[in-house]
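What follows is chain A paired twice: with chain B in the first complex and chain C in the second.
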Partner chain A sequence: MLGEITQVAIGGVLLGGIYALAALGLSVIFGVSKVLNAAHGDFIILGGITTYFFFNLLEVNPLVFAVILIPVFLIGGFAFERVLIRPIADKPLDEMVRASILVTFGVSLAVSDLLAFTWGRDIIGVTYSMPSISIAEVSVSTLRLLALVVIVVVAVVLHGFFRKTYTGRAIRAVTEDREAALLIGTNISKMRLLSFGIGSVLAAIAGLFFVTIFTIDPYMGIPLMLKCLTIIILGGLGSLLGSLVGGLTIGFAESICSYYIGAHWSPATALFILILILLIKPTGLFGVRGAK
Partner chain B sequence: MLILPVVIAVLVVLPYFVPHYIVAFLMLLFIYVILAQSYDILGGYMGYVNLGQSIFFGVGAYIFGITLKMGFPVPLPFLFALGAAAAMAVAISFPFFRLRGFYFAIGTFALANLMFLIAYNLVITGGPHGLFIEMANRLTISYYAIICFLVIAIFINYKLERSKFGLALKSIREDEEVAQTFGINAFRFKCKALVLSSCLPGLAGAFYLWWTCYISPEMVFGIDITLIPPTMAFLGGTGLVAGPLVGGVVLMFVEEVLWTKMAYLHRATLGFMLVLVGMFLVGGIMRSKRFIGIWGLLKKYVK
Partner chain C sequence: MTKYVVAIVLVAIIVGAGGFYAGQTLAPGKIVEVEKKPPRTIKIGMTCAKTGGYGPMYWMTNELSLEWAKIINEQGGLYVKQYKQRLPVEIVWYDDKSDPATTIKFYEKLVTEDKVDILIGPNCSPPTFAATTVPEKYGVPMITQQAASPSIFSRGLKWVVGCLADSSYPGWSYEYFQMLKAEGKAKTIAFISEDSLWAKDNYLNAVDLAKGIGMRVVYEEVAPVETKDFTAVITKMKALDPDIVYIASFPVFGSTFYKQAKELRLSPREFHVTWSGKGFFDVVGWKDAEYVTGEHYWVPDWKVGNYKMLKRICDNIGINAIEYAFGVIQFYGLEIAAAAIEASESLDDKQKLLDAIWGLHIMTTGSPDGVWYARQGKVVDGKYSGIGTINPFCVQIMKGTFNAVWPKSVATAEHVYPMKPWAERG
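Right after this comes the complex of A and B.
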């Protein structure tokens, strides 16, 4: 009984950690550029597909491929921002909102359809197993533990980045108060570029974990994006801690729902929570900025 | 304005001259345009991007199917569908109109996805297998019904443009707080607008099922039916009477052309079009300078 609950709990924490990573990417992008990247979920899937592709080439521990993913998606994110976002970013607010919804949704549709076309509609997963270890009466796959450790490390690194480095603090500044940041001479355009780069990398890494531990299919983009959105709204925009807490909450909720209610309802969990949060407290638990 | 009765007359006699395929294509186009026009009540006149228009369509279709299967005689399920869609609109109003701007858009989108999952998982809606009703060829009847609804939808927007109700909605769009200081009970108007925009999609959904005899969650709550109508409205020009219609015709035309050239990737093309519209045509085709120029020339010719 305890073993059961622990399994569900660990699964939930791991899932939550992966979601939190992806959500953090979305949060950084939104905080700095005010654009809700509806294609974020598809970035995650792209990260996963890239990992799958490389895994088929060299059968090593998939976590190694992070080395490839980071530069590729950093540049990819930059390109995305320059080509698609920069032209619409300086328009008046409501036009920008509408334009960004259209552009990012459009990219999401295009990417997911192209992926389905080239990779087929199958569910893809990376099968790489490491031996399980047993703690108490619970057996845990080492790969999952490793993933958890890596996620924690990434979170710590990010925390350090946002706290100690100039760029990290600049990003936080822009997120918290755009006008003030402009006044002190922060280069918003560069921060926007960076935010898309960082956000894409985080999404890709989350995708790497996703395809390694779970499975992905080409159409998961939009549901994943909605989950990330739930998390950042739940945790509060612009807050690293908020995204982590929100991610863990959603991961937990989905795990528990999947186990006790049924796997077919678990995608609905995040949506349900999103609607609840939007109605009860749209600023979220740790909101750094006012919501609007 | 003289062309209008001519167009309608042509559409009415069309089924007798052209193959079924074209009638069906037009039906689908008209349904999308109905959804786009009713979306525009909230999206264009009131300024709230409602990505949940498909909710009313799907609810109308499913309630129609379920009540028909329960045995209610024919006109009643249509009324149930209408009632259910309107009731849904009222129910959504209370929680969702606390949200503004993009939160409202995402919230309604999430709700549409939730409805999909609900329809997918419940037994009464047939789950992933969908809902079947008894087969019969009702193409012509549904076609005429849909044309009626389309005319009504465009007429509603036309009236809205010139009415006090429409003015109130526009004032909400411009600045909700200021509108309230002028004595407009924002919530009442928002709720009424949503109910108004839910009626025709609900009926259209019922007739859709009546015609196809089968619906699945994907068909009535899926990504296509959720995102295509707002795209049409954006493409043609929101807040303009003929905007969604123009956008709808252009989009369907482009899609048909592409469908014959490449059978797959039509969603990717839709996505690509969304990107282009977002980047270059944010006001819509009818607001672009080229179109205004052409329209001006046409008007001169007519005079």
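Right after this comes the complex of A and C.
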């Protein structure tokens, strides 16, 4: 019995790691630019499809394709910002938020339909597996463990970037107080550009794990984005630490709920926790009241 | 003089050439073909899941239907008694995007605007459940295809006749459980089902079938279609160590579960996957899918019905019928529709067309164990739906292909049981 619970708990944390990785990118983008990127889930799908494409071509461990995904999605994120977000970025904040949701939602629909047209005939999943690690009765998925390692590395690197570098500090300044950052001469356009690049890369890496561990289809973008949104609201809008903790919390809670109550209730767990947290702490776990 | 000789030779050449041409065209036994425009075309209406959730399984069904019509027309069309001649066939189709609401909209259009003569049902049970309201409303016969959910046929639908037997009669996995009973090796079974109409019907029916042959059901779980993580379910199953793990689902759910079962080393003696076609082995790989059992409506080694035409169609549209063994059900539906049109006294009188469907006893490409005919379903308000007789057979994946393993009368290979645990598989 203890072995079963340990297995479920570990599985939940590992699942949460993947959720957190997916949500982190959305959080970075929203924190800096205040753009709710409704196409974030589609970036995850595109990352998964790119991985799938190269895996079928080369048939090697799909994790090595991160080397391709990082530059491609960094440039893709930059282009997305320059072409679609920058033209609306100078509008008053409330107008810009509304316009950005419409624009990115439109992109999401276009990407879904385009993918359905080109790839939609097949369900996409990489047929790669690694031997799991077994300790006593507990089997730990090596791929999920690797995902967790990646998320820890990404978190440490991002933490170092945001704390130690000028650009990172500038991004944090914009996240915490946009107007004050502007007053001290921070180049907000550049920070926004960077946030889209980083956010897209994080989404693509999440897509790599998604397609390797689960399966993806062209219409998953919006549901995935909503899951990420739930996580960043739970963690506190704009808080990177909040996204990490939010992802891990939801992954863990879903697994435990699935074990004790039933798999049918698992998807509702995230929303239940979200409502509970918002009732107790409306800013989310790590959100700051009155943050601009 | 020379001029006269040249003139005579020229005239002779012209006359000779003319005579030769006339001989070629009007020679005895040669028929002068006068193009006669047929009085009308036979319109067959359908929607297909070209895109959307069912797209991966059924994207090719419209192409299969169009190619079928092309071949039929090359052969002169279908004979219609009302017109005492063969008429060309026209397929009118729309992409229903796998969405039941869109499906209803297009079937309304097929009947009211396109004025089709007969309807072929959409792909899969949920859109079919929705679409079957349209033939009832307008009185146009519909032959349903990849739809076996009993919920469809238990409503008393006068104008609907199924190509397949509904999955409660005798049950989607009936042959599988008959095989287990005959072998007597498997004693315990665990169920995981996705929460969709077809899958849940199969799962509930399979629970009864399992209990009916004396197996002990050790675990049952229904999870949402979009479930991605099965750690908790697999952990519980591992502790119970069932002989059989029965996965009732479409490919996304089933393949995700199976991948994770391998990751977490869930090793029953056999995995039974209700959807083991394309989509499933694309994701899990043929190697890992080896010895998985499931149900299919067609295997390559069957040589019944118009299998040569099916092969020709598949070759022409560039698909491997093994991968789309559920998609080829479309062909059976078209075989039935064609036979009904040729048997009917009238194309315009829809009641006569419906009567013709009910009067059919034909061998389809998917009936190696008997003929197809319509059976009376549950009577509701004096009306009953027609349920077909085509049943799925138990298949097992071996060396990258499907083999029928039960019933014995149509088997193409021996059932391999148990499968090796993951730890012993390469």
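Some points to look at:
The rule we apply is simple: the second predicted complex is superposed on the first by the 258 of 292 C-alpha atoms of A that agree within 3 Å, B and C clash if a C-alpha of one lies under 4 Å from a C-alpha of the other, contacts with A are read in each partner's own complex, and residues count from 1 in each chain.
Throughout what follows, a contact is a pair of C-beta atoms (placed from the backbone, for glycine too) under 8 Å apart; a residue touches a chain by one contact, two chains touch by 3 or more.
Please read these numbers as outputs of a predicted model, since none were measured by experiment.
Once the two complexes are laid over each other on the shared chain, residue contacts for A:Thr249 go to neither chain B nor chain C. Contact with both chain B and chain C is seen for A:Pro267 once the two complexes are overlaid on the shared chain.
Touch criterion met: A:Tyr259 reaches chain C, while chain B stays clear of it.
Of the two partner chains, neither chain B nor chain C is touched by A:Thr50.
Within the superposed three-chain model, A:Phe117 lies in touch with chain B and with chain C [touch as defined at top]. Using the contact criterion defined above for the overlaid structures, shared-chain residue A:Leu143 touches chain C, although it does not reach chain B.
Once the two complexes are overlaid on the shared chain, A:Ser27 sits clear of chain B and of chain C alike. By the touch criterion defined above, A:Pro223 reaches both chain B and chain C.
When the two complexes are superposed on chain A, the residues of chain A that touch both chain B and chain C are 113, 117, 223, 264, 267. Of all residues in chain A, those touching chain B in their complex are 36, 84, 87-88, 91, 94-95, 97-103, 105-114, 117, 222-223, 226, 229, 264-265, 267-268, 271-272, 274-275, 278-279, 282, 291-292. Against chain A, the residues of chain B that register as touching in their complex are 47, 49, 95-96, 98-103, 105-107, 109-111, 113-114, 117-118, 120-121, 223, 227, 231, 234, 264-279, 282. Those residues of chain C lying in contact with chain A across their complex are 51-53, 55-56, 59, 195, 221-224, 226-233, 235-236, 239, 251-252, 255-256, 259-260, 262-265, 278-279, 282-285, 288. Remark: chain A residues 4, 7-8, 11-12, 15, 113, 116-117, 120-125, 127, 129, 132, 134, 139, 141, 143-144, 213-215, 217, 219, 223, 251, 254-256, 258-259, 262-264, 266-267 touch chain C in the complex.
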